[in-house]
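Labels run A, B and C following the written order; every chain starts at residue 1.
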Amino acid sequence: MKIFDLPDLGEGLAEAEIHEWHVKVGDTVKVDQPLVTMETAKAVVEVPSPQAGKIKKLYGNKGEIIKTHSPLVEFEGEHDSPQKDKGTVVGNLEESTTVLDEGDMIIGAPKQATLAVKAMPAVRALAKQLNVDLSLVSPSGPQGQITAEDVKKHASLQTNHSTKTKMPGQVEALHGVRRAMAMAMTHSHQEVVPVTIIDDADITHITANSDITVSLIQAMIAGIKAEPALNAWYDGKTLERCLMKDINLGLAMDTEEGLFVPVLKNVEQKNPEELRNQINEFKKTVKARTVAPSELQGATITLSNFGMIAGRYATPIIVPPMVAILGCGRLREEPRVINGKIEVRKIIPLSLTFDHRSVTGGEATRFLGALIKKLENKA
Amino acid sequence: MAEITLVEAIAQALAYEMRKDETVVVLGEDIAKNGGVFRATVGLLDEFGPERVRDTPLAESMIAGLAVGMAVEGLKPVAEFQFMGFIYPAMDQIINHVSRLRNRTRGRLSCPVVFRTPHGCGIHAPEHHSESTEALFAHIPGLRVVMPSSPLRAYGLLLASIRSPDPVIFLEPTRLYRWAKQEVPNDGKALPLDTCFTLRVGTDVTLVTWGAMVKETLAATELLAREGISAEVIDVATLKPLDIDTILASVEKTGRCVIIHEAAKSGGIGAEISAQIAERGMMFLQAPVQRITGYDTVVPYGRLEKYYLPNEHQIVNAVHQAMEYA
Amino acid sequence: MKIVARFEIPYYQILDENSKLVSELPEFAKNPENLIKLYRLMVLNRLFDTKAIALQRTGKMGTYPSTRGQEAAFVGVGNAMQNEDVFVPYYRDVGILIQRGVKLSEILLFWGGDERGNCFANNKKDFPYCVPIGTQLLHAAGVATAINIKKEKRAVLTVCGDGGTSEGDFYEALNVAGVWKLPLVFVVSNNQWAISVPREAQTASQTIAQKAVAAGFSGEQVDGNDVIAVRERVSKALDKAREKHEPTLIEILSYRHSDHTTADDASRYEPKGTREKEWTKEPVLRLKRYLESINVWDDKKEEELAAECASEIDKTLQEYANTPPAAPESMFDHLYASLPKIYEEQRAALKHVKGANHG
């Protein structure tokens, strides 16, 4: 408020006379502080200040008449000379002290790395209902999307065909390790394109008490040195493969519960004693079910020494994203022709399965050749 | 270099371009001597004189029609309509002539004009001063519709609009005019038209908005970040032609989208974006696209204004719904 | 009380209904060649007009607004303009367009429904037809403003009908022309009808010319059937615009001797007998009789002219008929200076439309 008009001092009086000023120009006053005493026809009235402020002007001297509702006192305000430009013709523009920093502003969209899964909402709902992981389903839709059919096909593989098999007798649902094996094998079967090459190795020179497993591992290291392509991971969706520097060897172990594959990390850096120790350690922890989940992950190639009891050659299964698995069957004695003479030799059967999506036949055979050479101590 | 407000950035851009290009002429009501009611054209009359900086008689259809004639005769008129609520008398000129002159003469004549006007509510102004009817213009073939949301983008996009050979409706968010300051180098560099701007990169949800609602959207982004939800914020900026690719790329990444605009819901540009996401981005969606908008009412007078304008809490709630959907 | 303003509205006529001179001949008219030129243009206009209506009636062209009986009103105006002036038409001004380099076939193309009819091959500056009534007057004001800013010595001429003078844009254009001193001539082609609404129902103003007074400049009426007066008065107004930056409003009084367009039926509202009465003032015969009276025209010349016009119109019809149809996707080709990416899909869809002639 700038100008304070003389208020109606009572009963509609038209005017009043300035009796005495209590302030002068330049004074700072508080609310309710007496400004002036006015004399009306009826009384002498003190007029208090309606606001705090600085007195700019007094509209009359002692003895002068001021009409009711006419200017009496002027206060100084922020709107004083010169009038600040409000910069608008209506309303109020908010001003803040905010300073914007848009160094991060990107024109268009930021660059993205991964491709998202494409599926219509209805298909996503169906997948949820059927407990299907969309990231595992191969899309067959025209725009690269997963269709309802794709989901159903995947689901039926997971749950043993759309019509439930009638099984006479006691039915047990698979749990734990057995269940994991069933799902992993199914997944592998859907994805991997396996080729198995079989061969034999003459390990007569290895003494009976020697450790076959460790020899096999060292032979595999030699094979990988010759052909790194078999120590790799492959992604069927993106058609990308990654040759691994470390050789993390998964060693298949059979227990009452089922199949476990603990991973011996960086076998290429370990000596035979270290390897043997770690294998024994794993045997204990696997049997006791105390092996940590992290120790069952990250394998880059697998060895399955299955021939303890029976079995010569096999077609071992690759678990993606790995691309190779070596199976070793039962040791046997066999007559062989050595330098023109027949001798009894110790032979172990080898079965190498490789994923032909990522590994060529040439790479596989060169791997196997180097492996056998090392085993036969000819490397 | 000083930090300047959005309206100062507008004035800076106009002065820059008028120095560089003598065919640029500015006209409108109260824009010369008064420098514009929001001071968007302050200083131009002194520097460029009354031939190029013209106070017009009070007639909006006339302003638009004059601009058509001036543009055909080789000038680049930048006309101001004092408020969006007063551009309506010019709709005939805009829809029947400005937007289609190039098309109907098969390129013989064209109409490189810029029509600037303050847009939106939130300044407690009297009625008719708070319009947000950008959808009317975005519907008209042949027009470009541009709305900056920061001083930097106001500068760069206005330069681009003046330099564009096509007509541009340039909507300036009134309540952001003086809200924040920003460093805006006066280097004459235009920003590209026809593209969105990603203001925040995020992974959980895409927030699409424009104009003054960028303010509330960024505030919502802060609130969401505290809850561990990472929001990507896209400022559409050019409402027509729409850069749907940037929006789709974001939705592909996040799977969730909330569109925020202060304009009324029905027939707003949020509906157009939503339809395009449904057509081409449905496969990535984890939740329906939502729109947080003004109500389908006349913008209320000052006292009820705050109930009309969407706020950051509504945005946050919408995001929660999207996150919990699938 | 004192009178603070008065106004006067002059009416101009040089050649009356009986082909007699009632005022002194202006300079240009003293050379008969110039008058013959005007006559030839009016005859061509009339013959073309008849043919255009025939084309519409035989399904070869769309709706078309006839200029029958208004030839002098337009030919006289067009003849007064300089090349460097700018013309902003409404839609009935064939007589002006043909003097501005617009081809007759382009006129047929436009009314035949093809945008290429607005892409005048020989005229880069004039505006195309304007359908939203009166809106072109503001464009003319804009052009005139630009001419002022560029400090050029050119004028702008724009036309609207008597109906157009009721539109808001008419007043806004007049107003800004007056206050900004625009080099602009407003021609109101008052043919007494705005479709079915007669002039008396359009405005209570005694003349349309006096509306200029309210905008601060002068207005006058001219006999629209007198091509010499039309040509002379428009010429003077253009000079005034060019030299002094003073606008003028010229109300040209004529009569619409046709339906509003080929889609209209004037018999529903036009009082019987009016047209016949007005026809006695028609402009082509008026000038012909005058030319004959000063011995510069005869039947032989008339025959030759008819043949020339017929031949030109035939050529025009050929051009029109032989114009290959526009490709459907051309809808997108001049939407923007360069088509934004988001519309390319739609354009491509049009390109593959079956059954369309891709010319």
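A few points about this structure:
Criterion: a contact is a pair of C-beta atoms (placed from the backbone, for glycine too) under 8 Å apart; a residue touches a chain by one contact, two chains touch by 3 or more.
Keep in mind that this is a model prediction, so the values were computed, not measured.
Nearest to the common centre of all protein CA atoms is the CA centroid of chain B.
When chain pairs are compared by contacting C-beta pairs, B-C ranks highest.
Chain geometry summary: the mean Cα position of chain B and that of chain C are 40 Å apart. Per-chain Cα centroids separate chain A from chain B by 37 Å. Note: centroid distance chain A to chain C, computed from Cα atoms, is 72 Å. Residue positions of chain B with contacts to 2 or more other chains are 243, 245.
Of all residues in chain B, those touching chain A in their complex are 3, 5, 7, 30, 37-39, 82, 122-126, 129, 150-153, 174-175, 177-182, 191-192, 195-201, 243, 245-246, 249-250, 252-253, 255, 282-286, 302, 326.
Put simply, chain A touches chain B in their complex at residues 85, 87-96, 98-102, 104-110, 112, 116, 118-121, 124, 128, 143, 145. Taken together, the chain B residues at the contact with chain C in this complex read 25, 51-52, 54, 56-57, 59, 61-62, 64-75, 77, 89, 92-93, 96-97, 102-110, 141-142, 144, 164-166, 194, 241-245.
Contact residues on chain C toward chain B in their complex (touch as defined above): 86, 88, 115-116, 118-120, 124-125, 127-128, 131-132, 135, 137-150, 168-169, 172-173, 175-176, 179-180, 330-331, 333-337, 340-343.
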